[in-house]
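Reviewing the structure listed below.
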Amino acid sequence: MIRKDVLDKGFVKLVDLLGGDDTVVRSARVSFGSGSKGEEKDRKLIAYLLAHGHETPFEHAVFQFHVKCPIFVARQWFRHRWASYNEISGRYTVFDDGEFYVPDRKRIREKVNRQGSVVADVSDEEHRAFAEAIEAECARSVAAYRKMIAEGTAKELARTILPVGMYTQFYWTVNARSLMNFIRLRCDEHAQYEMREYAGVIRDVFREKMPWTAAAFEKGSSSEG
Amino acid sequence: MIRKDVLDKGFVKLVDLLGGDDTVVRSARVSFGSGSKGEEKDRKLIAYLLAHGHETPFEHAVFQFHVKCPIFVARQWFRHRWASYNEISGRYTVFDDGEFYVPDRKRIREKVNRQGSVVADVSDEEHRAFAEAIEAECARSVAAYRKMIAEGTAKELARTILPVGMYTQFYWTVNARSLMNFIRLRCDEHAQYEMREYAGVIRDVFREKMPWTAAAFEKGSSSEG
Amino acid sequence: MIRKDVLDKGFVKLVDLLGGDDTVVRSARVSFGSGSKGEEKDRKLIAYLLAHGHETPFEHAVFQFHVKCPIFVARQWFRHRWASYNEISGRYTVFDDGEFYVPDRKRIREKVNRQGSVVADVSDEEHRAFAEAIEAECARSVAAYRKMIAEGTAKELARTILPVGMYTQFYWTVNARSLMNFIRLRCDEHAQYEMREYAGVIRDVFREKMPWTAAAFEKGSSSEG
Amino acid sequence: MIRKDVLDKGFVKLVDLLGGDDTVVRSARVSFGSGSKGEEKDRKLIAYLLAHGHETPFEHAVFQFHVKCPIFVARQWFRHRWASYNEISGRYTVFDDGEFYVPDRKRIREKVNRQGSVVADVSDEEHRAFAEAIEAECARSVAAYRKMIAEGTAKELARTILPVGMYTQFYWTVNARSLMNFIRLRCDEHAQYEMREYAGVIRDVFREKMPWTAAAFEKGSSSEG
């Protein structure tokens, strides 16, 4: 199935999929006692449903992903409660590969929009120095963690010193309605860059697997703005 | 796919399915960073998860049903909120087939357990007479409804006189965790006979499609009682 | 607390309330590590949160209602899954008051908008005749139900002939976020008249108890349309 | 209201409360069309509801907490999806107090039960040395974070090196049904020590505010084991 790399060491894999655009049409038409009526009418129906806030038919198409991302990204992700998650546990698993996120550019606080960040206007060398500083810090924490583990410390306790930039992995099962909500919030320009990188890949998968719904959804979103 | 008749005019169809026992194993093992380890170990894992209340891995297997049942059954069904529904609407659709539920036996109040009902100890003739009385009442309501529709009355208003025994239809998408909860409550002897008839069919589909989980689930349920 | 009559025999009672506008402010400011900053800034914060889709702070204010409405209204109501319900059960309770909904006007199908209905352009006498026809039908069903109960028929079975216009009662606990979604969908002109009557009362209670949020919400909703 | 310290720098505050044992009774009796019937009968009803899996009445009592805990505890906490959360954001707030969790004892891997941990059988001095090692590691990360902030690095980016032992704060609104599920899973001996410390305090608050429900719940839980 689909697998795309994200950031320096992460990925998004589409593991499985239940239905698609046709599932939306079929479940919506149950309300009227009929099924598909050809592409043109089916696409119109999907656009109508989205435009009028009839979102339940989109719950019958279900995506299943395997995601690898930094903990601080996962923490935002898991806020989406209308979905199912299973994550690698730092209590049972030694983070022995010791993978953490290293950004490739320094970003500074944005003056105008205090929520965001902008890429610092500095030399490539300075960007590299910043990345190396992050890497050095995280590597030191991981080394200390490994030492503790070697000394018999319980995994659940030793991990307390690991940085939130550590990579984690999880299974994510989510229906198309909840997925659209995820895309709306996490592809937004106010979302953090690292989050947006993942959300963009999720959106690409959504576009590929549910092209009619994705087209209607994006048209609707842009006309709102 | 699977289609089974229920009661006098109802049915349950399995429309689609995402994953199964292997999905549970795979998503649970993400916690440990591994996948399937052969049938014996995988079955043990499933039994362990259920016995210890680790229910999230079961959310990654998803069933999709098309159901036709009386309104009073649907009302209990829709109380299960961790699932998705799309139902035929009495506002847009004329119930022109006029199908309603006719029980084949009279049931009376049970003295000991005031919640339930028992089949009346009467002659076949009396049972038949009871069924005919129900049928006559509902048929009269449907006839009055049709007359109102013929006179131009809005469907959403005319339906107010239709009985709760009328058949309705809906799409139901539900994960295996929520499905087990449904089976636990609705196959229970305290549940109404008509509800149990549907829940029993759902349980049969569950057994066929997720045999390892169903076996562990039923073993666990019985040892609790 | 607040109690308002709805339709011919229904009501909405506000039983209890957790927090209000101040709860939204307080929980939102946890994100910034601060609390209330005076009415002007607090109102601005609420408007900002709504305008930018930051809806979680509104989940911390919780309403509890006791509702009496026809079954066909309750069926739409219960579709809102992010809320808690406890309803009178037709399995355990005899509907001995036999209350059902009697509309005061005939409504016919609307030609332009096939989903809705419009009040029929007929004489008061015809409206009255229509209401009497509904009443006669429902009364006949209730009489047949009572007869069955008197003959020992189980309540859960006898009720199958009762009309969906019968009144039911339930407790409803719902947070302000879910409540706004309810108001948005159920006060809409596409919603059925009887549903809108209830939703309008719910909106009035919301306006009274969370005036800042309600004002920002209604301003936002209207500018969307 | 109630405020209790947890671990070295955390706390749990009960901010607000909607209802209690009486709310459960009242909402459950809606099903039968009645209210309170005196303490003895009301307690029996609560025990009956819990014993028979009728859990919806417990959703009408709602607790609101303000919690301060390490990030790795919060991550487990947020897995409980039937609840509402608002958390301090590391994107907008500088962790300038730089508070992180320092355990007071070394815990090692348990041989028998590979999931847990046990306090190491070492001298007080060794325990102190362990705590100091944790403290030194986290302090170094915090110092590096502050330096990055001082150099203009965006908060959302600099935090990537902060350890998961950093304290965070959030608002938590949760109904009694979901709360009991939380207590069942998080007071369990298989839960991590730090999580159990919080869950124990939550359970104490629950016992104080809903004594009848808590007593029936704990009796039921123990007889299961």
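We call the chains A, B, C and D, going by the order they appear; numbering starts again at 1 in every chain.
Here, a residue touches a chain if its C-beta (ideal position, glycine included) is under 8 Å from a C-beta of that chain, and two chains touch if they have at least 3 such contacts.
Fair warning: this is a prediction, and the values are worked out from it, not measured in the lab.
Enquirer: Strictly by the touch rule at the top, which chains does subunit C share as contacts with subunit D?
Expert: A, B
Enquirer: Considering only chains that satisfy the touch condition with subunit A, which of them also satisfy it with subunit D?
Expert: A chain counts here if it touches both subunit A and subunit D, which gives B, C.
Enquirer: Fit subunit A onto subunit B over the CA trace and report the rotation angle, somewhere between 0 and 180 degrees, nearest 5.
Expert: C-alpha superposition angle, subunit A on subunit B: 180 degrees.
Enquirer: Averaging only over C-alpha atoms, locate the centres of subunit B and subunit D and give their separation in whole Å.
Expert: Once rounded, the distance between the two centres reads 36 Å.
Enquirer: Using mean CA coordinates as chain centres, what's the gap between subunit B and subunit C in Å?
Expert: Roughly 26 Å, centre to centre.
Enquirer: Multi-chain contacts in subunit B: which residues touch at least two other chains?
Expert: 56, 79, 85, 92
Enquirer: Please output the residues of subunit D touching subunit C within their complex, sorted ascending.
Expert: By the definition above, subunit D touches subunit C via 15-19, 23, 26-28, 30-33, 56-57, 59-60, 62, 64, 66, 84-89, 92-93, 169-171, 173, 175.
Enquirer: Of all residues in subunit D, which touch subunit A in the complex?
Expert: 70-72, 75, 78-79, 81-82, 85, 90-92, 100-101, 103, 106-110, 114-118, 120, 130, 133-134, 137-138, 140-141, 144, 148, 152-157, 159-166, 192
Enquirer: Over in the complex, which subunit C residues touch subunit A? Could you list them?
Expert: The touching residues are 52-53, 56, 79, 184-185, 190, 224.
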